[in-house]
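Below you will find the structure I want to go over with you.
By letter and in written order, the chains are A, B, C, D and E; residue numbering begins at 1 in each of them.
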Amino acid sequence: QDTIKIGMVEPLTGSVAYNGKSVVEGAKLAVEEMNAAGGILGKKIELVIEDGQCTPANSVNAVEKLVQKDKVAALVGAFCSSATAAIMPVAQKYKIPLVTGVSSQASLTEQGNPYFFRAAETDALMAKAFAKILANDLKLTKVAYIGVNDDWGRGGVEEFSRDLSALGAKSVLTEYFDHGTTDFFTLLTKLRAAKPDGVFVAAETQDGSILVKQIREMGLDAKVFGVGSWATADFINLTGSAAEGIHAAVPYASSMDAPRNQTFVKSYEAKYRIKPGKYGAAGYNALNITAQAIARAGNTDAEAIRAALYKTQYEAPNGVYRFTEKGQAYGFDAVLVRIEGGQPKVIASTPVDAPH
Amino acid sequence: MSAPTGQSNGKSPLLRADTLCMNFGGIMAVKDFSFHIDAGETVGLIGPNGAGKTTCFNMLTGFYSPSNGRVLFKGEDITNRKPHAIARLGLVRSFQKTNVMKRLTVFENVLTGHYMAGRQSLLSTFFPGEKVRRAEREARESAAEIVETMGLSHRMNAPASLLSCGELRLLEVAVALAAKPSLLMLDEPAAGLNSHEATTFGAVLKTLVGRSIDALLIVEHNMELVMSVSDRIVVLNFGRKLAEGKPTDILENREVAEAYLGKAAA
Amino acid sequence: MDLDLFLQFLTNGVVMGVFYALSALGLTLIFGLMRVVNFAHGEFYMLGGVTGWFVTSYLGLDFFSGLALVAVAMAAFGWLVDRFLIERVRGQGEEPGILLTIGLSIFLVNATLLVVGPAPMKVAGAVAEGPLFFGPIAVTKLRLIAVGVGIALIAGAHLIIRKTRLGAAMRATFQDPMAASLAGIRTGNVYAATFALGCTLAALSGMLLGSIYSAQASVGGLISLKSFVVVILGGMGSFAGAIAGGLLLGIAEAFWGGYVATGMVDVVGFVLVILILLFRPQGLFSIRAERA
Amino acid sequence: MTLERNVLLAFLAAAALLPALVTDQYLLHLGVMALFYAILATSLNLVVGYVGEFSLGHTAFLGAGAYTAALLSTQLGLPMWATIPLAGLISALFGFGIGAITLRLQGPYFVIVTLSFAEVLRIVANNWIAVTNGPMGLAGIDQFGITNKGTFFYIVLGLTAVALYLAFRFVHSNTGRAAVAVRENRYVAQSIGVDPFGTAMQAFVLGAFLAGLAGGFYAHYISFVGPEVFRFPFMVTMIIMVLLGGKGTLIGPIAGAVIVTLLEEYLREMQELRLTLFGLIVMAVVLFLPNGLMGFIAQRREQQGAKPAPRAATKERTV
Amino acid sequence: MTLLSESPAVMAADAPTVLTVDGLHVSYGSTAALHGVSLDVRAGETVALIGANGAGKSTTLRAISGILKARSGSITWDGKPIANLPPDRIVAAGIAHCPEERHVWPHMTVEENIMLGAYLCRSRSEVQRRAGMAFHRFPRLRERAKQLAGTLSGGEQQMLAIARALMSEPRLLMLDEPSLGLSPKMADEVFDVVRSINAHGVTVLLVEQNIHNALSVASRAYVVKTGRIAASRPAAELRDDPDLLRAYLGG
């Protein structure tokens, strides 16, 4: 074997393909950079990407193929927590390290799967990092919570409402909507009646941009903040003027001012003619973490890679990643951005602490 | 043998319909129509187009529920019963517009007709015992025999979709016979047969009553056929009974001639 | 106060109802009348949005010229699909058509993904965005225009079917193609024209609604699902029924979402379908002309 | 009939040899998935091919079975030999309930109402968090330490054998013939004493039972169950398998399941073009084999002078 | 007899041939139904096709009206080849075909069915005139003008199918078993209608199982046997010779 193969399972078709594609772009960039620098263990890295469509069965199929046919040394993926939950036992059975850069459901790292690593924030970590800043800076007293009806959206709403309530911001409305919903007027009518001064939204670009736009179309002027890949050109373009002044808590924004980030943004933009967003960075980071662990392990033996992963000290565009013994990443920075003049402006930055 | 009027003598008739009415959004297709059929009889039901004959068939066999009136079969009130429940009592019909299972072969059509004889429990569907197998064998033998009787043996394994109109009419009768009815009701079975074929068909029909079936009710516009097979004829006009009697009497009835027979009788 | 809320819900419901009716319009023709269970309906809608995005942002056309161009292009597309695909399985029962349109929809989504990528796309609107108030009721200009165009399209399609020779030829052809051709109707053209019209209407609604929401390669599935519900609610083949079905669905969802829970609004349509067909097995507005 | 039985037996026998011949776990995994889909396709075929109505809601039974097994396993800790049959039974109950409403309907109405039931169940599974854990799904379903695909393969092969036996018996019974009669011509069926509703119900419940078994197996094999088991993509896969293989035959759906499973996997070679090509292939199949693989084979046999195959019946009107 | 000898059908004996079918082969899928049918019809004539069940009579009509493709052979109408033209062109050329099994449009009203029969006629008033005529010929249909055709009785549907075929005011009318399902009286009336339009110069090609009726309106008859023409005889000859007829139809 003259390459080291890393397998990647992401949704490339279906309704989350948009985000999955960003992860893949980030990952490809990482591999390109590493290979340009000579690869690892003297070999080139080969990224084998499979479409898992964010469904458990398809993701399992993809992993079986990657492990058995391509004989990958490590796995990265899958995007949706449900798909990741389904491939975790497969990774464990074949003893292949699995790193996710996205899946945020808290319980994943609680299953005691020694081969699983999460190089991503969880909702709880984000909430803990920003609740205070939000409550104080935006002077929130009455908050409405809207989340996409999946594990991630529910998690975001629950964690933020718990932490904000503890800080004295009353929660006046909690609603979930299904991914793919296009019309929020009815939901927003209820929201208007609840008279909040802040609206928390957990939604990705596709749902979130429409939702934020319609908040303004309903003539609401409550402060909008939330989680999701909002600090991107796509989101701002789709949302239009309604994006002005909204806040997003993200683990990554292209406008973070660390020098490492500036080089990352530059090469990303050169390659894809667009600035990286949360998911582009997630793919980039997950791949670097995995490849560096293999390099440190000195061979492609699973146990060695696993041991090396625990010793991760990866210098990402957004801070430094380390793992707890449950495989949860911490130490990297997360930022709060405000959209101003069509640009995401970082207004607060804080390293994510290890959970207790 | 049977009285010419609606009254049967002594024992109760096989089928009795009392004051049947059928109303389609204001149009009375059948009105206060009463008649009966005794065992051993062949009754012809005739009348102008749209007189209500097919509607009558549909009410007797549960495909329509009458707006008024009731139907007794073997002494049981079957008004408003489901079609299949009525069929299970032994009243089986054919349709005016040819209705067969086009994609099955002639043999399969007739074999399927034996459904009632082979009804089985769920358990014996999945774990068939000797009894089920015997029933199956018997059904197959009987099916072949019926195909033979109707003169379709040369088409035994041809899909029904390949049959010509006339053969389809015969097949329909064969399927109905396979259900072993006691009263068979045929709606224009000879439509589409030419004069010679109709004659042959009439001869077959005559052999059935008393042997395979107890009684026959036939709707037909082919006068030669009806006159030759029927013991008694009932004439419907505008949904009401216009006349009833022996074939010869009907032929001579002036009202019937005017409403139905036209020049043929004149 | 409560009345304000009620009025806003009602307005939302009516607007959504028109949108539902509009996006189901194409399916009313192809599925309701032509009886092709068209699984690619949502993809036709999606193509409308995507081509709408293309003509407004790449060719720089204004909204209405763009709409016209999309209409022409999608009519041609629909005509070709009928002539080269649907035509071949006509008269073979509904299953080949189901499989064919499933294949077509898989192809269209993924080919679109390849060409324009998975990102949501912005279709330039007919007018500037921004709220519009009627007393306590908020709508937007864009929505009002869309409702207006929607009603015009619905009325136009209705007139074509009810009042023109083409309409009569359509009904005759779908009820008995052999008899229709014996009356001198060119059934091949009628099928293709209906399919093209259905495809165009789907695409127009896709572009119109894409300018309010956004266009994306993956929206088709959801649109198909809702549109099937709308067509069935009203009753197959009943044009007015499908419109009523759309309004019913929109309003029911608005009130359910407003007074019960937004989380499960999608359940409303399906529960309505189940309940209505439980009591009226032929849908709300259709009648039977079949007898034993 | 005997030919059909022999082909099916030969298929099962050949499948039984697979784990002995192949050790590649990936191939065995594909084998497991193919058999899993074969059960599903067989069960859907009972409805589509023998009731003659097109169900788009068959995932209701797959999902009901999967959730049943998942809950019984995670909540009560029942072993697999208990959860899978129970999954079948609970699904059969769902089949009975849903059939009671949907089987009154025909044609497009049946199509959409069955779909509605599956969607309602999905939405319930997505929101009834206390029981189903909502969108988070039920993870970590017990696999009883089975790490060898071969073992799973034999389990699913056993289930396939059961499914084929039951389907075969049903199809070739008097009741099965009655179901065909209802499919071919409702009026004739009724007039020879067939209760269309009751007969369709038997096929429907049997289909639900088999789909439930498949769902129960799925829960343990994938070890994760979420609301997506009710989703439309599963349905699409099943439909393609049944129609591509040829509905109304027992061999067709099995062939369809094997072909589609392998095709989807081997198209991975085509990278981004994968599903685009898949769509094109599906269309091509319809255009060139409109009656599926089995229809095509029957046609060839007819041309070679064997027993003539039934031609595609044109839609009939009964007046 | 005198009445008949004066009918245009007989006078047409030396009129020009308008329809020629020559060596027509037709098959359904892989099964052949016609093996070289040849016949001709002169202007103003009434010609009957008779024969046993499944002989190929309906198939012949279907091929002429363009519903079925001819595998080989020619069909000439007015001196122009029309084989394999689409049905709409053939209707436009003046040939109407009232098919077997009625084929009315079930979800349209009786009136709509009738109006659509004149689909190719663009003049509204002309369509009205023809519809008036149809209702005049079949008063039963006028009574049921607003009823959905699918709910009519069998005989009523048959009348509707005939009335609809007449709406295109063809020069050649092809009727496939027009008396099927009609009461004897109604059948007589239909044949009177056939005679009267024939008297107005319309050529008629008739398939009919009721041999007596068929031979009473036709001047000539072709006997079709297993996809071939077995004989061509003047109608009177067949009518007067039951044995000959039985020989043709018996098998």
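Note that a residue touches a chain if its C-beta (ideal position, glycine included) is under 8 Å from a C-beta of that chain, and two chains touch if they have at least 3 such contacts.
Heads up on the chains, UniProt names are B, E = Branched-chain amino acid transport system ATP-binding protein; C, D = Branched-chain amino acid transport system permease protein.
Computed from a prediction, not measured in an experiment: that's the story for all the values here.
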(request) Can you give the shortest number of steps from chain A to chain E, where adjacent chains in the path must touch? (result) 2
(message) Among the chains here, which has the CA centroid at the largest distance from chain B's centroid?
(response) A
(request) Please identify which chain has its centre, taken as the mean of its CA atoms, farthest from the centre of chain E. (result) A
(request) Return the distance between the CA-based centres of chain D and chain E, expressed in whole Å. (result) 50
(request) Measure off the straight-line distance from the CA centroid of chain A to the CA centroid of chain B, and report it in whole Å. (result) 74
(message) Just the number, please: Cα centre separation of chain A and chain C in whole Å.
(response) 35
(message) On a C-alpha centroid basis, what's the spacing between chain B and chain D, in Å?
(response) 41
(request) Give me the residues of chain A that touch two or more other chains. (result) 13, 149, 178
(message) Can you list every residue of chain B that touches 2 or more other chains, as numbers and ranges?
(response) 63, 95-97, 162
(request) Find every residue in chain D that makes contact with two or more other chains and list them. (result) 127, 187, 272, 274-275, 311, 313, 317-319
(message) Under the stated contact criterion, what part of chain C meets chain E in this complex?
(response) 165, 168-169, 171-172, 175-176, 178-186, 188, 237, 287, 289-291
(request) Can you check the complex and tell me which residues of chain B touch chain D? (result) 61, 63, 82-85, 87-88, 92-97, 99-105, 108, 111-116, 118-120, 122, 125-128, 132, 135-136, 139, 157-159, 161-162, 175-176, 178-179
(message) Give the list of chain A residues in touch with chain D in this complex.
(response) 12-13, 49-51, 53, 55-57, 60-62, 64-65, 67-69, 81-82, 85-86, 89, 93, 105, 107, 111, 149-151, 154, 178
(message) Quick check: in the complex, which residue numbers of chain E touch chain C?
(response) 65-67, 86-88, 91-92, 96-97, 99, 103-108, 112, 115-117, 119-120, 148-151, 164-165, 168
(request) Would you tell me which residues of chain C are touching chain D in their complex? (result) 31, 35, 37, 85, 88-89, 91-96, 98-100, 102-111, 114, 221, 225, 228-229, 232, 236, 263-264, 266-267, 269-271, 273-274, 277-278, 281-283, 290-292
